[in-house]
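Labels for the chains are A, B, C and D, by order of writing; each one numbers its residues from 1.
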Amino acid sequence: MHILLSNDDGYLAEGLIALANALGGHAEISVVAPDRNRSAASNSLTLEMPLRAYTMDNGFIKVDGTPTDCVHLAITGLLENEPDMVFAGINHGSNLGDDVLYSGTVAAATEGRFLGLPAVAISLAGANPIHFETAAHVAVTLLQQLINHPLPQDTILNVNVPDVAIKDLKGYQATRLGQRHKSEPVIKSEDPRGRVIYWVGPPGAEQDAGPGTDFYAINAGFVSVTPLQLDLTWYERINDLKTWLPKEHDL
Amino acid sequence: MHILLSNDDGYLAEGLIALANALGGHAEISVVAPDRNRSAASNSLTLEMPLRAYTMDNGFIKVDGTPTDCVHLAITGLLENEPDMVFAGINHGSNLGDDVLYSGTVAAATEGRFLGLPAVAISLAGANPIHFETAAHVAVTLLQQLINHPLPQDTILNVNVPDVAIKDLKGYQATRLGQRHKSEPVIKSEDPRGRVIYWVGPPGAEQDAGPGTDFYAINAGFVSVTPLQLDLTWYERINDLKTWLPKEHDL
Amino acid sequence: MHILLSNDDGYLAEGLIALANALGGHAEISVVAPDRNRSAASNSLTLEMPLRAYTMDNGFIKVDGTPTDCVHLAITGLLENEPDMVFAGINHGSNLGDDVLYSGTVAAATEGRFLGLPAVAISLAGANPIHFETAAHVAVTLLQQLINHPLPQDTILNVNVPDVAIKDLKGYQATRLGQRHKSEPVIKSEDPRGRVIYWVGPPGAEQDAGPGTDFYAINAGFVSVTPLQLDLTWYERINDLKTWLPKEHDL
Amino acid sequence: MHILLSNDDGYLAEGLIALANALGGHAEISVVAPDRNRSAASNSLTLEMPLRAYTMDNGFIKVDGTPTDCVHLAITGLLENEPDMVFAGINHGSNLGDDVLYSGTVAAATEGRFLGLPAVAISLAGANPIHFETAAHVAVTLLQQLINHPLPQDTILNVNVPDVAIKDLKGYQATRLGQRHKSEPVIKSEDPRGRVIYWVGPPGAEQDAGPGTDFYAINAGFVSVTPLQLDLTWYERINDLKTWLPKEHDL
């Protein structure tokens, strides 16, 4: 078993190191991660510029690109042996509901979709989370389960872990993504030279966070595990479209 | 009707200008677009740095950020009046199958999901496409249909247009996303100083491109319209998960 | 006569266009300029990444690099015919005293030091200067003089022009660089997420700005022309060093 | 004695760590360095964006900016106590002749010009230098001499050290900057998508490298120490200018 690890907080992040230490006891691991914080990079891919990869003293490979670049490089030629699966994280902070659209951690997992086993994105909830040992424990548990209960390769598991000690975990819940309200307004400000600048505001509050959602599980102290699909097609709407898309003679 | 336009090729792109000219005849438009090419930016959002917005002579607003930044700013405070919908494009090149995960154009549309009408991402197929007038015509046609056939606000329409003259369009097809094979291998090279660099390789060939897919429609000369959803939850898999996720006593 | 034009405000800047229009009437010109604002780029050179050059509709070539990159590319192979001299500007704002160490405009001129005629950096003083026609007039006047009074090729002329109408110019002064006090303190602030950020503060006030300096000339309404050298050796100090540098037996 | 250390190779560079270890035994040190490689950044200063500073486990502060940004921040407010002098380096590779115009290491020293003691830029010659202990030894030796032989605060010492063991150093030479030929041509290439890219070529060969120059000293196995001035005025040329600058009636 050969696992590729990546993240979006950068190769020096405590969460990545905790994950590497934990999984390294159960599989061969390769770490390929961004050389700096790339949170909210989503599935951004670097096409216009070349990338550089450096192997650090601890064996981690840092790349001057996005999380997606890291995993893309790793599985399309950088590593001598193709890994069997990707673990991305442990993210510093949760990735719940709409967050998955923007998350570099989830994107890193997504990019592992062509490998043999499901990819896992794992995040530790909280503004300044500290219980990385809990998330690392969860990662190992899930790895063992995935080996015994193989899922289709094109599944991504989005895992969020409450920031509590292992003994205080309430258990696991299989969840769906909740939803946030629209983001808070942009914050208009001025730089010291008197010119207008804008900061992206905080994410919106929870809108759809009832039982069954990832928000609900985390708030109740459970590990939330959401299966994600990568086919964005909204199949139920295809027939609607057919009713009003122009017929040839309307062109 | 107030439409926000954006893209990922930058505010100077021919496709954006063609779209603005076409839709400007049917609605109030605001254009907020990246100050340079941001292809493959996906839903990347700039959280660590402030953004700057400049209004150009032609009324377009350029922002030193990603497509998602542009739309996010526009609808959360930059524009005085919130728009009713977003049109993103006309992208120079298609966005088919897995491409939508990486596309900045689709991401710009996604970011308009909280507005009153569906968002539309529109792309002109081909390596160096030229028939922007065809895609602009399609945009106007779809706008008129959407006004008369309102879809739920959280729908995204991913539209691809063949690079042919209007009269040579075969018609419209409501499609699902196809799928590509895994990308081509990373291209290993050297910079002039003898150090190793890597270029992301070309996207994979079409793997699932049969009838009903967006690939198929475009190859046959039809406009492809795929409804996208933004809830990535794979509902069918939730029950599977429940069968093997650890019970509390396993923790 | 073939003149290369560049700047640090970017290829769309009013000052560059004014300069191109003015010099274009007296010589063949080529414009190679950054694709965006690169003020304070100094002599920064892009070694780790490749550069891209695009020819715009108006014939200007924009490069995704620094002012130094632009001139470097232009004179080492991008242009078919090597230019005879470089004009950089018209900078939006003055470059006086210590400013020349940081200025991308002066750096662009510096990079032209291997050409046949002196390079000229030209700046229009003022916070939001408007009299670009005055600076353009000065540029043409200096060009004509330089043709008749050839200076050694390795001279850079740093020209600052008061922001007044041509008829209100008091004349020209050959000046030395003045000096600023140390910069104002860094401005400590917070981003909207509560994390500390720092902004570089404004430049220091004038410290050495008496008669003979560039500050003095501009304040009095004169065009300031300062000859710059690129050999930074402080010759007078070499002998001092010899008195105390360790002798071999001290190593 | 409080010394500020910086460099342009980034806070993880072996040369910086060697310098910190060596000087740390003789003075209080503060290290403020770029978070990644910023070679050839020259005196580039970040005015448009805020900067962030993180204190690492070893006490080094990394900043997401240029070498000039690092020293600027450090001496205008980031550090509680203003340092007495700046040491920049140990650069991985030499900074000889024209190189000083582009060097981020020399720029970091330059930015320390307002402090009480001369600033020192120190570089270890060679393509992949290894004898950092030699350059560290030279740094300590020079520090001790500078304390006993104070130079004016606005002097910068540009020090280059041969990549040999300490016992193989031939001694010290007070030198002037030599000069390079014009750079090698730009290298035109293509990215994997068939679009033209350009790489800045290698620096030119030595043109003025005779006895007395920094090139000569290094080639002969000596430590080269060049005093640099920051007043770029070419005083000898001011009178020349006066002979041909337009008189008022010529305007």
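In this section, a contact is a pair of C-beta atoms (placed from the backbone, for glycine too) under 8 Å apart; a residue touches a chain by one contact, two chains touch by 3 or more.
Computed from a predicted structure; not experimentally measured.
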item	value
Touching chain A and also chain B, the following chains	C, D
Per Cα centroids, the chain farthest from chain D	B
Inter-chain centre distance, chain A versus chain D - centres from mean C-alpha coordinates, in Å	41
Centroid distance [mean C-alpha coordinates] between chain C and chain A, Å	46
Per-residue multi-chain contacts in chain A, two or more chains	47-48, 50, 52, 191, 193, 199, 201
List of chain A residues in touch with chain D within their complex	35-36, 47-48, 50, 64, 191, 193
Chain B-touching residues of chain A, taken from the complex the two chains share	37, 39-48, 50-53, 66, 68-69, 72-73, 75-78, 98, 100-102, 107, 110, 114, 141, 145, 148-149, 151, 155, 166, 169-177, 179, 182-186, 188-189, 191, 195-201, 225-235, 237-248, 250-251
Residues of chain A touching chain C in the complex	48-50, 52, 187, 191-193, 199, 201-202
